[in-house]
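Have a look at the structure below before the remarks.
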Amino acid sequence: GPRITFGPEDQGALQIDYKGQFQMTVRDTGSGSNNDDTTTNFNFRRNRLAFMGKYGDMLSLYVQTEFTEDANVGTLGVASTNQGTEFQLLDAVMRFKLNDMFHVNVGKFKYNLSRENLEACEMPLTLDRSLFIRAPYVTTRDTGVAVWGNLFNDIFQYRIDAMEGRKAVSGDTAPDSNFRYSFRAHVTLLDPEKDYGYKGTYLGQKKVLTIGGAYQFEPKVAYGDTVAQTGEKDYKAWTIDGFFEYPFEGIGTVTASAAYEDVDLDDAYKYSTNFDSGTVGLNGQKNGWYVKAGYMLPNLPLQFFGRYEKWRFAELNNIFDQKVDWYAAGANYYLRGQNLKLTFEFSHTNFDQEGVYSGIEGANLQSKDFNTFITQLQLIF
Amino acid sequence: GPRITFGPEDQGALQIDYKGQFQMTVRDTGSGSNNDDTTTNFNFRRNRLAFMGKYGDMLSLYVQTEFTEDANVGTLGVASTNQGTEFQLLDAVMRFKLNDMFHVNVGKFKYNLSRENLEACEMPLTLDRSLFIRAPYVTTRDTGVAVWGNLFNDIFQYRIDAMEGRKAVSGDTAPDSNFRYSFRAHVTLLDPEKDYGYKGTYLGQKKVLTIGGAYQFEPKVAYGDTVAQTGEKDYKAWTIDGFFEYPFEGIGTVTASAAYEDVDLDDAYKYSTNFDSGTVGLNGQKNGWYVKAGYMLPNLPLQFFGRYEKWRFAELNNIFDQKVDWYAAGANYYLRGQNLKLTFEFSHTNFDQEGVYSGIEGANLQSKDFNTFITQLQLIF
Amino acid sequence: GPRITFGPEDQGALQIDYKGQFQMTVRDTGSGSNNDDTTTNFNFRRNRLAFMGKYGDMLSLYVQTEFTEDANVGTLGVASTNQGTEFQLLDAVMRFKLNDMFHVNVGKFKYNLSRENLEACEMPLTLDRSLFIRAPYVTTRDTGVAVWGNLFNDIFQYRIDAMEGRKAVSGDTAPDSNFRYSFRAHVTLLDPEKDYGYKGTYLGQKKVLTIGGAYQFEPKVAYGDTVAQTGEKDYKAWTIDGFFEYPFEGIGTVTASAAYEDVDLDDAYKYSTNFDSGTVGLNGQKNGWYVKAGYMLPNLPLQFFGRYEKWRFAELNNIFDQKVDWYAAGANYYLRGQNLKLTFEFSHTNFDQEGVYSGIEGANLQSKDFNTFITQLQLIF
């Protein structure tokens, strides 16, 4: 979209962009009798308007809407009812740059745990970011304040944030109201990665080798027994991650990245049968890792990719101590770079234990292996 | 709103518009004791921000928000509780024009069944489009891919789309997950109608005679018995429509249009008492027709209009085999063309069978003849 | 944000602004065991995109979105569940200026009762407007038509509006469907206040002394007995308010303002135990007053302020005839005027009767004195 300047000496600027990821999904299960038939779906994965402003060198602004509509075909299966619509301000962050060693972000933006979550939504290497890596009680964004900066010729980056974490609620629901704190650092050895957001691939325009790690915690985040209001459980998570991308002359660009993440909710689910449901499930207590790799041809904007993930969940779909293996392979075709991109991805989701179980996450939840093929058209305008 | 150009040689452009239709409604029933008293209401019928972009000759974009708030005064009566708010991306479509014979639309946009639904929301002939003409399980828009183009000197237009139709849901709710397919064509004999959107009136600036027709289907869309999960029912619809507008020198502009539409859901409502509720009601199984006509003065931007519709519903407000007659008359005063327009419309809604019935659509639904007078101010900025 | 002109002779203009108020709240109760522990919260108080247009001298447009997300820390206490998100068009008003004595506003905008509610959201004197001053069955905005203008050299301003008031609902819920009417006038004796919106402070750039008053009513707005559908109760409210601000050379700017408001719902809550719940609570039957004052230093953009309010509610948190005293003190530091402002406010909320009660407003509602300290960063971009 256009970038409109204003103010004395054109100090101010506002850019308006549309960002859409439109998907056709074909999954081999989820519909029909016994949910054994193929499910087909057209939907947007992302559907956004972004307003990016700056005034002078110190102040910038990033405000972005997101519209989701009946995301019925999900990470673990196909829903039996329409999941409804949500239109929101996904990001709303005021950014103050005192100097490159000291930035302050205030508002709603991505918290500092995994590199994967901090990679730009429109520039992952594979079709999307990991489906399993989010922190508990928040989405991909949280609300608060971060300070960050680059030191030692941009080789070292630090980030510290204090965020809302679990939203403040009364003692009827949670044992306490505390902020959530994160600490993240990376060392980047070739071309620097010095922005707040990472990318999943630089399309061969950069040589990158970055090693990072983070720690996050929020005390007394959930009850082990929500009925008796006992069992004050803390949240702690840590992660390490690595990213490598290198354009080899005449051969093409090679990308490789991996991470491990551990999300600990103090074994709240073992405390009683009335444990807080947010301590389990997709974003509850878990640990796991991913590895992803890509190869982009030297003379054609075509990039092949693969991804493997292995996760262990405290409880998933009412199954305790569940393990999930996730495999994907596909290709990006960059018609106009990231601005117009076509992506194909085939993935296989494998549950260690299969079956239909009822419990704290709901009635009759099905865990059953499935394959998914997605075709995506991305437009950034 | 403004049109902002950008990029090399100003290839890119973004226009931002606001589109509001603000209404004062007076209905002779719906409130007070026995719901026999007059109901008065101020509300927006449409309340939109549109972002229209293009880049070069091939790519364009149409993104539009819609905000609705407590639309309590409805097509069939006055609600007893506030209907809530919804803010959404109504349209989000990426449009690729390979040449005028072959366009591709991808995203969320109007599906190709009736001409009436494809007429621009801000440019109908009467106050609004038909209230009875929507397809089942969708709104005025659907999500998917369309190809279309103009052939034979723009005399012939074809449109083919594959859309989501009923949103993908598990076998617990619907017998299968299939796309919905539409085929539409028209022949336009005088000045061409070559855009994707039609208009309800060209205000005497065009001479138009267009005959069109369409067919749409989605297999296995609903259960005849949602409890036993049996009775796989298909959706099929067809329509034919005609539009004529001619400016007679010194006499004024005459507009006339008519259509027939048949929406068939395989008699799902006869299969069992547990039939899928989406197969009946305002957007369920039905057939009917409308005729509308207008006359615009030659020297004054004043246009009189009338409309008559006759519909037969499989079930409406829990009454089986209901018939509705709908009459309207009114006038548009174009202060600045469609950009600032004042419209008055009186309408009468007549139910063949009156009464209060409970059933699959809800408890104590009232079907009772009523009159409505609406004053509307339209601003396109 | 930028102001973009368009059209012949640049008659048209559209300005796009972002307006954010980001708060860190610390309250001495609301969490933990017996809800006696400190509650901490990061959240936006306001989070808006504004689209302000004009075309020529006569027509202007104000469209503004608002996004609220889990406003769990409220006026009376901390919620036990997330309050959810809402994204809406808060304002959508077409404004026609025939001359300065006769303006017409059409759409969704602020109704004409208290001065306090008509003061700009981003320019109050204290942290925020009064928390207790809203009219029943609406928010800060309503939907309808207003005429207003300035007479006698801008010394006198009149405002008359007809608005929706309680949204039209059937006789099952309310005794009738009527519009709500307001009449407001002010006399402004020094520099004129001639706009539709007031400000809470002019930062010493104006000398202002304004006295105003308003009356508002809506007949038959609620049942005294919603079960028997009897007891047709009217709504009536009146208010008087004064505002003074004066920059004393070398001493600084002094601001003082006060108002009284009476909201009468015909003692609906005394009619039966099944009275309409909208007639009580924070926005139900009540009367009260506030006084607020400020002092801004002459050579530093620092402004100290204080506020005291006293309200009597027909019923609040299920306690009949409750009284609330509210005290606040704090400071604004204007880094770039209202465009970048830091505000600190300490407040004390005192309930005349304390305790936990169940009733028409919900189960186990707590009324208990508390202190709140809020730090706010405001950005208007």
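Each chain gets a letter, A, B and C, in the order it is written, and its residues are counted from 1.
Note that in this section a residue touches a chain if its C-beta (ideal position, glycine included) is under 8 Å from a C-beta of that chain, and two chains touch if they have at least 3 such contacts.
Quick caveat, the model's predicted, so the values are computed rather than measured.
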Inter-copy rotation, subunit A to subunit B, in degrees (Cα atoms; steps of 5): 120
Interface sides of subunit A and subunit C: same vs different residues, half threshold: different
Rounded Å distance between subunit A and subunit C, as computed from the means of their C-alpha atoms: 38
For subunit A, residues that touch 2 or more chains besides their own: 4, 16, 87
Touch list for subunit B against partner subunit A, complex: 4-6, 12-14, 16, 51, 53, 55, 59, 61, 63, 65, 86-89, 92, 94, 106-108, 143-145, 162-164, 167-179, 229
Interface residues, subunit C side, partner subunit A - complex: 1-4, 16, 18, 20, 22, 24, 30-44, 47, 49, 67, 69-70, 72-73, 77-82, 85, 87, 340, 377, 379, 381
